[in-house]
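Look at the two complexes coming up: chain A is in both, with chain B in one and chain C in the other.
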Partner chain A sequence: MKISKKVLALMLACLLVFGALVGCADNGGASSAAGTPPAGSVAAGGDVDDSLVNTELSGEITQWVWGDYEIRGAVDFNKYYPNIKVNYVSVPSDEYEQKILTALATGTDLPDVVNIESAARGQFNNMDVWERLDAAPYNLDTSKVLPIGIPLMSNEKGEIVCVQVDNCVAGYAYDRELAIKYFGTDDPAEMEKIFSDLDSFVEKSKAVGEAGEDYMFASVDDAYSAVSGLYQKDPVVVDGKLNTDKSVLPTYEFIEKLVANKAVGPYVEWTPAWYTSFASNNIIFYRAPAWFISFMMKPNDPDSVGKWGMMTPPGGGFNAGGTAYAIPKGAKEENKELAWAYIQWLTLSQEGAESFYNAHATSTLYAPAYDTDLYKGEPDPFFKEQNVTEKLNEIAADPRTTASIMTAYDFVMKNANAQALRDLEAGMSAQQAYAKFKTEVLAAATDLSE
Partner chain B sequence: MRRQKTAPYLFALPYFLIFLAFSVFPILFSGFISLNDWKGYNEPTFIGLQNYIEVFGDPRFYKALGNTLLLMVMIIPFQLVLGFLLALFLNSKYMKLKKTFRLLNFLPYLTTPIALGVIFALLFDPAFGTVNQVLEWFGINAINWTKEVWPARALVSMVTVWRYTGYTAVLFMAGITNINTDIYEASEIDGASSWQRTFRITLPLLKPVTTFVVLSTMIGCFQIFEEPFMIFNVAGKLVGGPNNSVLTGIWLFYDTAFSNQFRNGYAAAIAVCLFAVIAVISFVANKLMSGKEDG
Partner chain C sequence: MKIKARRKIHWQTVVLMVVMVVASLVAIAPFWFMLNMGTYKANELYTGIKLIPSNYLAQNFKSLMTINFSRYYVNSLLVSTLCAGLTVLVCSMCGYALSKYKFKGRKAMGNVVMLTMMVPTQLSLVGFVIEMNKIGWLNSLLPLIIPPAASAFGVFWIRQYTRDCIPDSVIESARLDGCGEFRIFVQIGLPFMGPACMTLALLSFLWSWNSFVTPMIVLTNEKLYTVPLGIRQLATQFRTDIGAQILGLSLATIPMLLLFALFSKNLISGLASAAVKE
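What follows is the complex of A and B.
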């Protein structure tokens, strides 16, 4: 009896160790897919042009995904590549970059396809851990990508290391009722004439502020998001020096004037209160790429019909957000060709563009698709029957529309900017806020100089 | 006989294996990478004490350390007093539904950080939060909880106290339960009031528990991260809070390693320095408190 007790205790002890180790292995690897795991793989089916079907490539690849966005976007992939199975592993978006870094640091298995979200793109693109896609064996044809996409996919050497999936060119969504109230019209063409430059925003904001009921933008953050892309035409870092005098400073000056006119709302961007601002009927403008309409405006203002309009920002559009796919250098060699087939199909083919557009009402950056009827769009009741797809693509085709060049210092600047915006909101001058911004950036990025 | 000698080691083995793998190895590895320039994805380059020299010249490190000490001062007294009062309340013989209240008391400790961030960002939103609305009912001006330095510190302190007071109360309750009831009975016979029993019997006899609570809360304060991080991640994604007012040591470490420039080597040096500071302060505090106890 004594022996059996000891054996039992020993077994329990072993079980404890085993349990702990198994638990740790699960936590360490992204394959644990905490939360709700998505479907395992996409099934083939449906009629397709046989000449486009590739049965030679076969195998299994893995992509870490945030949810079902990626899966739904590529739902037709297996119709064209029936022998490539894509295993989607769910990784929470707020842990995604950290898990990639952990996998890189520890040398554990990386997925074959990695998502790089726009906020992390500047740093991730410059990490020298991704396959170069515009060189052999991938040979990405840049002429097939909308020009605005190239800076979003490149590292500081100009090498393409990822492919952005979605076209995130932003227009200005505006509240039609408030537009009539303050500007006398809700017609997009008329609005574009009234707001032909940013000075006109400042001028018109006086009446909005004086009324004391409504705001031009929901917050200083929204004002920044709406304007920074218009000013940011040059890289923010050149030869190790900050180059923000012509981008960040004028953006702050614009915000300073709006704050002085009391035309900026108190909804801090991405806070729970901010999500309610869409239905509050007191905010006139939001900068709005396609994803913003699908994931922010419509879900948070579900009862509105005909409330919104879409116009071109003064000076053309700009990129706002987006997700890119990359192939890690450390991925399994035999899977890289399959991963590239998957990425290429989704982002650089008409079929991928159709699949993605049908799932998300968002265009990819595949240029030839814009010469077809795919993106002709249709009247949207949410926008008073305005064809928003057509409008956004018109903005994307505007030669003035640009995308900011991403740098490894984007996170540092984002952090310093968040504080500067709070200071501007509290009444600090643009010059002071900008000086503080630079000090913060230089303190955090010690290898930069003024 | 031989089995009897080896059995204790076998029983202790699981703990030590886990301790070696998940405590000793990471500590040693942190020490190693703190001597390297390493971003996690590149090859480490040995740079000697360069990271430490940079830490000692980094104003953000001192700011984080100062914030942590400030938060400690703003948290420990409240957590200690409230925890003690709660423990008295939950141990009182006049108390009904003791088990229910004990459970409720512990619930904040079980709140997940994400829920905590969302709930408190909502409650304390300067423009739309319930707390400011209530303050305005009483004629008090709205407070910029998430946008100004001292309100931000007060908010983090309140949330931390709210979250951990229940845990502190449990420790005090355990201590109170261990006090011999004969002493209370004797004091009652001698005519001691409940105040006298609390201050002359309970408090002095809880000294070892109090020492432990103070030390563990101090160490906990040095590790504050989740509360400010989650609140300010929801409220405007402001790293370190307004003007870095709630940038704590661990937040600085996290920001340096994972969201700023992935400087793992430098972040490890920050962690080692924090470890040294915590160790010294804990040692001194322990000495002071033990000394008083001995005296």
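What follows is the complex of A and C.
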């Protein structure tokens, strides 16, 4: 009897493993996507201007990526550089920075192209490990980059050390049905008049909270994401002193009022429950750059038609998220030229802008593309036929719109802020949460003072 | 009297059974929900508690296979199996030597082994990566198989077990009969160490299977990724596809569940016999 149980269990194990292996055999083709762009996609697309094709540069470069942002976004690259092969190695996004830092610390091989996510940008840009791209031999032409992108690519000395690929200026996406229910209109222009400042959000949140059915924002994290960029006008560190009284504190005060009005939902950002909030029909606002619409809203609310609207945040837009590419000084010398050709094509060319926009409905920061018809956009049924591309570009062009200010202390502040938001959610006052935030930042960044 | 006694026993049994059933349900429920959720479409997962499987398993499986999950599975099986086997071989020899041979520095060596157990893996990670780089093993599966085989815990474990469970008189008798040291180890030592070796193999397999930080740092070729890396990749690639993620987690737990179902008695007996000194 004992033997038969063991045999049964072994058979079951073999069956399960065999099942997995059979699955492998069936999908072998798909799994090669990490190494090379999907063959079908490369072949797809229009004709290529032969004068733009470069066959002289040849070789193989490696880029560590998370997800398929580049694999799909740069799908046309090999039409223009047929002899450069880009090996995409997928690295879990949460551990990406640790992997890079370990490679830097141990002197082991780095990829030829490193992705620097916005949360890590402040720290990474200020490490003296990246090639300076606005100097020889790269000579990045800053006039080809939207002005809002320059601070996102620079270190504290003003040197450009990476190139952000995506235009991440955010607007406010809102649920039209709920907007009519609580504010009497779903027209973007009318909404912008009603919500001309953040006080109006607090005022209107009272009715939402009293109804007890819906929320202004899905969570305190979302409320923070929606307004922190609006307050961040000054550097967070000035002469070695923490300078957040005019940015973090008012953000916390805004959240405190919303929490008191019971207008903030329970969906903690980036959790599975939060993903469901898009289709839950009880959240009015999300801050929404283009990537957020493609990767968050549409996949998590696939059945909605005409549900959403897009408006300019009070006081203009702000940068939210984004991925930039850098070339490590420690990368193989022979690959640096190839890596720059790749980065330049994707981020600073009309062809790259088209390829990226076609894949992700997201604009790059390549300025001349905005003078073409590429980003004229089209009515989007998801947004009740509103032209969202046009709207986001209108926000990007708004002179009040600002880029995030990135510092070497971003990680420290991010951790302290995460705890403060949970405290605010639990009912702590803004003053108390802010005091706690400052204490934690100063404890972790010992070279800063109050 | 008899009837009363019966009733009393019956009542106790019922209570005990109810408690046991509830405890079992509490323990099993998360596994059941995990297996179950892997059969649902992501959007359906949060519309209520799902007690019965749905019909979306094939689609979730298809999504899962787009990230080469089966290759990661094979890599993990290879690494964990080899690591477990090598760990038993190396640690049994080392533990046996430290336990049964008297030589100068034996105590100091034992203490060094103990000391290395106190250092968290993360602290020695940079040094480990530099070492692997110098040897030329980076970006291969070797750093996941060879270095963990010299497990400080394994050596300590076998040393403790061997010291108490293999009588010195048996080894002396073998020597008197002309048996060589290696043969004594293989034919006398190892059979005595069986339960401890089995326990060590299981623990080693488990640690290797679940290892995340080391593979994440030393591997830069996706074809070599192991299951924990693959699962984290799922969270990146399919952050909206919770169903596929949960199916991946379910598949990842299968080897461990099977191993413990098959060898739980050996594990418990190994742990118990090493814990009791007679």
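We adopt the following convention: the second predicted complex is superposed on the first by the 404 of 450 C-alpha atoms of A that agree within 3 Å, B and C clash if a C-alpha of one lies under 4 Å from a C-alpha of the other, contacts with A are read in each partner's own complex, and residues count from 1 in each chain.
Keep in mind that, in the parts below, contacts are C-beta pairs under 8 Å (C-beta built on N, C-alpha and C of every residue); 3 or more make two chains touch, one makes a residue touch a chain.
The structure displayed is predicted, hence computed values, not measured ones.
Participant: Counting only touches as set out at the top, which of chain B and chain C does A:272 meet: first, second, both, neither?
Facilitator: Both partners, chain B and chain C.
Participant: Report for A:53: first if it touches chain B alone, second if chain C alone, otherwise both or neither.
Facilitator: neither
Participant: Which partner does A:105 reach: the first (chain B), the second (chain C), both, or neither?
Facilitator: both
Participant: So, A:221: does it touch chain B (first), chain C (second), both, or neither?
Facilitator: Only chain B is touched by A:221; chain C is not.
Participant: Quick one: is A:150 in contact with chain B, with chain C, with both, or with neither? Answer first, second, both or neither.
Facilitator: After superposition on chain A, A:150 lies in contact with neither partner.
Participant: Of the partners chain B and chain C, which touch A:66 in the superposed model: first, second, both, neither?
Facilitator: After superposition on chain A, A:66 lies in contact with chain C alone.
Participant: Where does A:419 make contact in the superposed view: on chain B (first), on chain C (second), on both, or on neither?
Facilitator: A:419 sits against chain B, while chain C stays out of touch.
Participant: Go through chain A and flag every residue that touches chain B in one model and chain C in the other.
Facilitator: The answer is residues 6, 9-10, 13, 16-17, 20, 24, 98, 102, 105, 272-273, 276 of chain A.
Participant: Given the complex with chain B, which residues does chain A contribute to the contact?
Facilitator: 6, 9-10, 13-14, 16-17, 20, 24, 97-98, 101-102, 104-105, 123, 127-129, 221, 266-273, 276, 408-409, 411-412, 414-415, 418-419, 422, 425-426, 443-446
Participant: Applying the document's contact rule, which stretches of chain C touch chain A when the two form their complex?
Facilitator: Residues of chain C touching chain A: 42-43, 45-46, 61-62, 64-71, 73-74, 77, 125-126, 129-130, 133, 138-139, 216-217, 220-222, 229, 232-233, 235-237, 239-240, 242, 251, 254-255, 258, 261-262.
Participant: Across the complex, what residues on chain B touch chain A?
Facilitator: 3, 7, 10-11, 13-14, 17-18, 21-22, 39-42, 54, 59-60, 118, 121-122, 125-129, 146-148, 234-240, 242-244, 255, 258-262, 264
Participant: Okay, in this complex, where on chain A does chain C touch?
Facilitator: 6, 9-10, 12-13, 16-17, 20-21, 23-24, 26-27, 30-31, 33-35, 62, 64, 66-68, 89-95, 98-99, 102, 105-109, 111, 272-273, 275-276, 279, 295-296, 299-300, 302
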